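Take a look at the structures below.
Here come two complexes built around chain A, the first alongside chain B, the second alongside chain C.
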Partner chain A sequence: MSGRAYATLAAVLLVLLAGLIISFTHGTALAQESQPDGRSEMVFLVTGTIVDRQNLPVKNALVTLIDGATNETLAEGITQPDGRYAMNLDRPVPDQIIMHIERPHFHETDIELGKEAIQTLHLGQPVGVPEVVLARKVTPAFWIATLVFVGVLVLIATGTLHNTLAALLGMAVVLGVSYLGEPINNGLFIFYFQGALAYVDWNVIFLIMGMMMVIAVVERTGIFQWMAFMAYRTSGGRTWLLVIILMLITGIASAFLDNVTTMLLMTPISVQIALALGIMPLALIIPEVFASNVVGISTLIGTPTNILIGSYAHITFTDFLINLTPGVLMALLGLIIYSLLVYREDLSTDGGHGTSDVLLDKLAERAQITEPEHLRKAAWVGAGMLFLFVFGEHIHLIPAVTAIIGATALLIWIRPNIDEMIEAVDWTTLVFFIALFIIVGAVQEVGLISFIAELIGQAVGDNLLLAMLAVIWLSALLSTVIANIPFTAAMLPVVAFLTATIPGASNKALFFCLSVGSAMGGNGSLIGASANMVTAGIADRAGFPITYAYFFRKGFPALLITVGLATIWLLIRFLLLPS
Partner chain B sequence: MNEMKPKHIVCAVRGGPESRDTVSRAIDLALAYQAQLTFLHILDAEFLEYAIIGPLSVVYRELNEMATFTMLILADRATRRGVEQVDYVLPEGSIHDELIRYVNETHAEMMIIGRPTRSPGRNVFKIDEFDDFVAELEREGNLMIIKVPAEA
Partner chain C sequence: MSGVVCAIRGGPHSQPTIDKAISLAGETGLPLYFLYIVNLDFLAHTLSTRTHTINQEMEQMGEFILLAAQRRAADQGITAETVVRHGNVGEEIVKLCQELSADYLVLGRPQLDDEEANVFTNARLRLFVELVKAESGTDVILLEGYER
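On to the complex of A and B.
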């Protein structure tokens, strides 16, 4: 090392040493300043908690302590997300103190601190105020937010606007009304932008984003087409066996990839197999989409609704697997039997006359794994992610982080065109979820969710069995007419309330009921699930249209069978089996 | 028009059982005039705009594969019946726009197209829009269009 380098190094070390000395001495001085001088200090601290009628904490409530004689403000504080507040009086304690609480969408409340509390304060000791329950207030904002929420659901159900556009419109209205309406009338206020963002569950957003990247690699490998053709080969011309195998493939794929992607990839190849065999394609693809909606709930990542539920209620990948898989298998068995019965005539081939060897050869040509190396790497990364999903729970590794790690590892290993991969993330879907969270947050803010929770709570009382039946079947039936993602997002606080108030519900049984109802209910109508719509769209393009009436005739009985069997399992699991 | 002997006939078709009569008519005419027969199927993924899905490129690839397969079936049927020159085209996009574009670019003298039926299903055109659209196609492409069935 040259002399100059030594000099530079010495200078750096000197600076570091000086910094250390300064920080040590300064810190010591601070410590000395903060040390008590031996006398006890007087503390005029008032703490407490504020909740609503559903016993949920009320955050961002303004709590003011007022001198009852002079109306002078003594202290102010804001409640935290857990509903707690703490205020220090920095002036002499008067003989009468009024606690004034105000929060948008709640009635203003005044509470006079009791004489014991005043005396405790005079003695210089902290006072804990008993829990305060705030009552909801219905304002014009309540009706606006409710109308927006219902309007968005209608726009999505009728297909009038793209899902994301409908959600963006709703978000724009609730925020616009808050900012532009508040100066005109306080009752129009819903929440500020920061408050709105607090309702966005970023765990869900990043989990979905990560999984989209992984799926984008898998779907380009041709694995689905290959599996479907192998199903045909394995069935040996027995169409009933072909249906069963295709349902299993679709169901298992849906448990790890999203239902829509699964059906997008399975439907075209299934149509081709059916045409080559000379059978009605709907006899294959309808049972497949049913299986997709049913089996998808076995894992945390199988459906968007499970991702929402898992993140909100802290239900892990393993929890879903253990608590729902037996019920899912029961439902799938019932679904297979039902499908074979309903389509028994359509599945009969006319003595082999319909089978075209030429077309089957064409199928074999295209049913190849196009990128075997990518598939191999995706399989390794997928296995790693599965390991992290299951065992990461012990180190509090959240699923979103697992998905990001997995997606990044796969992209680095494969090195695809990064622009293509970024395009593979369906940003419109992510924006949809963000906007949806804000809309649901708005109706939560104004008290609509509390109102619904109270209604349901009154109806079921303390009866866990009744609550489970209500959640499963209401979710299932409403999911036939309402898009299940916004429905689930809105139901989460309702189910949380019921979970907190009904004895025995702390095992999260009601969240599993919501998972079953909202997903399996999607089989009840064409609009019940996005996977249904894309399947119908593809079938329509092949010349085999699926009408609302047709799907309802086939799907509603499937709903009754699968939800019924899953209900039996959930009752056994959460009411009979030990926790 | 009665004297017309087309050398190239286009059959605009979706596929499936509802297209059977349209395809049969097209094959009959191709045999009668000893004309080249082209099956035209437009890949329209408009329905996906209303679903939450992944990349459209993958979807179009799958739709392309499925449509190719369907066209192979139709081409096979035409060949078995004796049509000597058969092919198919699969443009992507809006059905309305692609039909207009195709008739402008092709030198076909005749197009066979299926009339919307009253059977349950999603028809591309409403019944009262269909005749106007066919008239527009005839003007744009200067070709004869035969509707199947002839009358609603």
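On to the complex of A and C.
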């Protein structure tokens, strides 16, 4: 380096150093200017936490410190999602300070800071205010949000409107009332748009979207048709064995795909196998849909309800496998025995038309993997996703990210018609979830969920056993008449409250109870699960209608058996075995 | 062209309808067509966008049901053709009758629990029969209380 270069470098360094010194001293001067009374080292910090009566944090509450003598506002702060607030007084500390707390749907509260706290502030030390419990207020918005939630459930249950349309209507009403009603009456306010969006669990939305893309590739490969035909071959004409194998295939598929897709693919081929064998198709497809509803809960991604629960309670893929799979296997065993007993006559080939060789030949002809290359690639990507679902939790890799990575990798690898793939994503379902989150957020916001949580909390007290039984059976029985996805979404904060307040429940036992109840409860009635409705629709188109009464007769005992067996497992797992 | 069209859904309730169509084809010597219509209305309240694969699966199931009917006809010495259509049940039946200039349409009469749930409710069926006659000139033969 030449002497000239050294000189240039030295000059640059000098300039930088000078700039640094100037900025430092200037900054200090500004700080000193802002503290003209010489209190530059003093901090007048007031912190604390605000909770509701369920001991859940109250976010977005406006906390104001007021000079008790002059009514002048000293400082303002907003509570964070964990209910905490922190405020810094930028003026001399008066001798009397009132802390005023206000938030929609809660009673306004005033608290006077004690003399000791004010003395501490005078000394320039931070003050921690004891936890404040805000009491709920029932406003007209409470009733509106409650009516909207119930109305949406009724519209979905009765099929008056498409699920998504019903949810959109509910969302529009709660937001519309908030914006249009508030100027007329403050009590009509529920939440603003930003507040509503905060209730949307985007982890759920992206996880479902990613899985839909993967499923869209898999479902076109012909794997289900091939597996169903192999089930027939393996059974060697023994229909009881065929039922068992088909139930296992459906169950395992449901643990990784959503139940509706599984049944959409399994039902038509099962009808064809039954027709070829000359047996009653319902003897195959009803046990399949039962198995789908039961085994689907083994994994995080098996049912939408598990996705909701997993995301809300931070329950991982492995947690679901470990805590639910033994119970699911017990329930499945009971279900298989029950199905074989109930359908023993329908499975008999003696009274039917007998096996048709022509139809069996046709089945064999069709039982081919239509896109083997796509299937091979999907299998690799699926294995990779499974690995990330299981081990990604150690690096805090959330399931939605795994699903998006997997779906993108698969699409890039196989290069499908992207328009077809985008069409394959069920956007209406995603919109349904977004609208549903906002409706459930509305009833949460106005306090309905807190009210229910308090009622259940009072009923079960500190008894974990009682709470587990209540959550499992209440959710199972209600899921027979209420769509289980909105029900589960609404129950999550309730279960969170019980988990926080009941001794021994911190192992999240109650969330697993909710998973079991809401999913297995779907077997209790035709409207209990979307998979049931889809299966009934296909069976009807094949000339084998499934009425509400028929499904109830077969399904409700299945519910009692499976939920009963799963209950036994959950009690063993969480009350007897170490967590 | 002319012939006997038999619209079926499958299942035990379809068998008398199929048998009637086969015997009619035998008596008249007209060609026999079994028709199955893929209709996805049952997805209206759950899924509405993912119809591609479902359509294929339902079509295959329909072909299978028709194949069984075709075999039944063959056992009685009657050659039958099969047709699978997608869409509205009533409209597709009328269309096929028009295309074939069918002489007869054999239908089962519904035994429905839910009168509103099906295109072939008793009340609508009368209107439908008149419509088929008016639109295609096809005679409609109804089998009471069989087809659902």
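Please note the rule applied: the second predicted complex is superposed on the first by the 536 of 579 C-alpha atoms of A that agree within 3 Å, B and C clash if a C-alpha of one lies under 4 Å from a C-alpha of the other, contacts with A are read in each partner's own complex, and residues count from 1 in each chain.
Note that in this section contacts are C-beta pairs under 8 Å (C-beta built on N, C-alpha and C of every residue); 3 or more make two chains touch, one makes a residue touch a chain.
Here the structure is a predicted model, which means the values were calculated and not measured.
Chemist: In the superposition on chain A, see if there is space for chain B and chain C together, and answer fit or clash.
Modeler: Chain B/chain C on chain A - steric clash.
Chemist: Pick one for A:Tyr550: touches chain B only (first), chain C only (second), both, or neither.
Modeler: The first partner, chain B, only.
Chemist: Considering only the touch criterion stated at the top, classify A:Arg91 as touching first (chain B), second (chain C), both, or neither.
Modeler: In the superposition, A:Arg91 touches no partner, neither chain B nor chain C.
Chemist: Considering only the touch criterion stated at the top, classify A:Trp427 as touching first (chain B), second (chain C), both, or neither.
Modeler: The second partner, chain C, only.
Chemist: Same chain A residues contacting chain B and chain C, which ones?
Modeler: Shared contact residues on chain A (touching chain B in one complex, chain C in the other): 159, 162-163, 216, 219-220, 260-261, 264-265, 268-269, 271-272, 275, 356, 358-359, 362, 366, 423-424, 426, 428-429, 530, 533-534, 536-538, 540-545, 547.
Chemist: Which residues of chain B touch chain A in the complex?
Modeler: By the definition above, chain B touches chain A via 14-19, 43-45, 47-55, 57-59, 62-63, 65-67, 69-70, 72-73, 76, 120-122.
Chemist: Within their complex, state which residues of chain C touch chain A.
Modeler: 8-14, 38-39, 42-50, 52-54, 57-58, 60-61, 64-65, 67-68, 71, 113, 148
Chemist: Given the complex with chain B, which residues does chain A contribute to the contact?
Modeler: Result: residues 159, 162-163, 212, 215-216, 219-220, 225, 260-261, 264-265, 267-269, 271-272, 275, 304, 356, 358-359, 362-363, 366, 423-424, 426, 428-429, 432, 485, 530, 533-534, 536-538, 540-545, 547, 549-550 of chain A touch chain B.
Chemist: Which residues of chain A touch chain C in their complex?
Modeler: On the chain A side, the touching residues are 156, 159, 161-163, 216, 219-220, 260-261, 264-265, 268-269, 271-272, 275, 356, 358-359, 362, 366, 420, 423-429, 530, 533-534, 536-538, 540-545, 547.
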